[in-house]
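Data first, discussion second: the structure below is written as structure tokens.
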Amino acid sequence: MTWVAWRQVRTQALVIFGGLALLAAATVVTGLQIRHVAEGCAATVDCSQLVGITTSGFTWVELLLRGAALAMPVITGMFLGAPLIARELETGTHRMVWTQAVSRSRWLAVKVLVVGVVSVLASGLTSWMTTWWFGPDDSWQMDKFVDSIFSIRDVVPLGYAAFAFAVGVTAGLLMGRVLPAMATTLVTFVAARMVVQLLVRPRFATPLFYAGAFHPGPGGSVKDGAIPAGSWVADGQIFDPSGHPVQVLRFGPGDACVATNTCLNGYTQRVQYQPWTRYWPFQWTETGLFVVLALLLIGFCFWWINGHRLPGRGAPVARVAAPHAAPRVPDERTARDGHVDGRVPAGSDEPRLTGVDR
Amino acid sequence: MGETVIEFHLDARSGVSPYRQIVDQVRRAVRLGMLREGDQLPTVKEAVGQLAINPNTVLKAYKELEHAGLVSARPGVGTFVTAQVHDETIAAHGPLRRDLVEWLDKARSAGLDDESIEALFRDALQDDMTQGVA
Amino acid sequence: MNAVLEAEGLSKRYGRRWALTDCDLSIPAGRVVGLVGPNGAGKSTLLNMAVGLLPPTEGRLDVLGRTPKAGAALAGVGFVAQGTPVYAGLSVADHLRLGRHLNPTWDQGLADERVARLRLDPAQKGGKLSGGQQAQLALTVAVAKRPELLVLDEPVASLDPLARREFLQGLMEIVADQDVSVVLSSHLVADLERVCDYLVVLVDSRVRVAGDVEELLATHHLLSGPFHDMDRLPRDWEVIHASHTPRQSTLLVRTDQPILDPSWTVDQVGLEDLVLAYMSTGEGTLRLTGTER
């Protein structure tokens, strides 16, 4: 059964891993050069001033890595997850495979395991490469909560991959057709990522709260001054000495306070933030969240596949319906619907399972 | 083991059942000398492979031929022709045939065409059969 | 003789439509059973239930003495689905390998022998095979698991006449060679006429008639004669179909007794006409042509 599952996904898997191998080659070659530069700078200057500079010579690798790391979960979800069952239902081969001496649950379990591992592995490798390549940069870059970093580093992509795969499998099972299932996977995955990123991730832990004197950080921002560097600021507000909220602070050379450096006297700020020490807890929480969602979906698939009516077009309709030379018995269904023993005739609720004939 | 010497063919439009057609074809082949004593009939598998018919049909035909003493089955080997058809029946009925030919001449001279002769014959035969049953 | 398939009050509903209603069937072992009926009569529904792909809505269904369900219960059942689906991306050899991995009773020798005799290229992809070759491959996978019962759902419907003939030849060779019962469906009686020795006619989700083909042919008579009052026919006649003109009556009658009334001309009825008569209800819609007896 393992062979069967692997054989059916072999081509796609080889394409994906082949692409990853090429990417890995580029990553290693350029990554070593970056490390060389980084070591040089550590000996001379404050490297944090170099954020983005070490990688700037290799924009194409950077773009490829970012793109691959961002897209890999949804790619495997669409191309490995969605067709997993939908392809069988669409071509009718589920009728061949489900009538062998292997139960549906076992069939599904092996397929999900084999193809699921391939999917998660693909994103795992991509994330590993990305995290390594950006390593020197990341060590100076304090803003690791930024989504474009947080969501393509370390373990989170594995959770995404598991989830996208499960969405694909479920959509395929419920829709029975590959293309709609792929589209649904894309839309669902992007929507889920957005919702988690914007609404859920900020609530993984109660933010810390700072209220007190305003200490501007670099560039005059609310953070970095009073709260630890690298924190994720959820909400911040500056108040003037009379207690009114201020949007923009404007001081020019004409202001007397500039000379005495007292312009900010009396200003206060209130900030809600997640300290940078929560980076790993947040990584694991988000990964766990998506893995749990994935497991729920897969569990649903197991429940559904045993004893539910399944969609799918079964036999290739066009081929069967094609006119052929032999005389046909008149189609009694069209001829007599309406008085089939007083029952309500076929309507739109007719399932597609058995294709042309049931 | 003998070599297969005849192939069966079926006429789907004849209205004669496939089993009867097989029996007739073997009898004819034997009568014409195409099949001789010791010749092997096609195996059931060969026959159904040629004709796409139910194996039981072939088996039934072979059983009837066996019953008639024309062939005999050697289990695990095949079915072989064991006898010649000495068509004594037809030969023995020579006088009857002569009568019939005479009668046909009479019918023609009475102005009956082939179709009417056939209808008349069939009618009489059926009457006779009905009376026989009743 | 024990039954390979036994149904009692078997019904299947899709939404509000009944695809199969109150089906009672007992199909004896060792037969080639033809399941005929128009499209939409419930043939596929019945067969899909028989191989555990669909659960019944009501009633009982036993196949080889157990409730059909995916898994070990299907080890003894080979199935060729409608449209004879095969994996487009897998080669012929891959299909056999798949069958071997999924069935403990797999007979690789039989599979290889069939592939060789059909002159299928083991390296050829399923999607590149002709319709007839796909059907033969699907049949090979179903047969090589050495089933006691072979179920085929409209296996020849999409094939050209030559491929149709070749498929049925192969199927009959299997029946001659192995101890296997067969149930196959078609909406064309002509497909099944030669190969079946048992017939089940399904119309409008109900079993109209089921029985041994020879017995059916022997007990059905096509009668034509002067106009007869339908109420005065012999009691033991079951009139399957009747059409009348003011002067003439034509009947298809089922009876075990000989037809004694000389006013009837008795013709033998072919299987196709017999089935058509069962499929058409009402009077006068069908012209039956018998062969003279």
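Letters A, B and C name the chains as they come in the text, with residue numbers starting at 1 for each one.
Just so it is clear, a residue touches a chain if its C-beta (ideal position, glycine included) is under 8 Å from a C-beta of that chain, and two chains touch if they have at least 3 such contacts.
For clarity, every value in this text was computed on a predicted model and none was experimentally measured.
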Category of the chain touch graph - line, ring, star, complete, other: line
Farthest chain (mean CA position) relative to subunit C: A
Chain occupying the middle, per Cα centroid: C
Between subunit A and subunit B, centroid-to-centroid distance (C-alpha), Å: 78
For subunit A paired with subunit C, centre-to-centre distance based on mean C-alpha positions, whole Å: 50
Whole-Å gap between the CA centroids of subunit B and subunit C: 30
Multi-partner residues of subunit A (each touching 2 or more other chains): none
Multi-chain contact residues (two or more partners), subunit C: none
Interface residues, subunit C side, partner subunit A - complex: 14-19, 21, 37-45, 48, 51-55, 69-72, 74-75, 77-79, 81-83, 85-90, 94, 97-99, 101-105, 131, 138, 141, 145, 154, 157-158, 160-161, 187-191, 203-206, 276, 279
Footprint of subunit C on subunit A - complex, ascending: 1, 3-4, 7-8, 11, 91-93, 95-104, 106-107, 307, 309, 314-316, 319-320, 322, 324-333, 336, 340-341, 343-347, 349-351, 353-358
For the subunit C and subunit B complex, residues of the former touching the latter: 32, 165, 168-173, 175-177, 193-197, 258, 260, 262, 268, 270, 291
Subunit B residues within the subunit C interface of the complex: 10, 12, 15, 18, 43-45, 48-58, 126-127, 130, 133-134
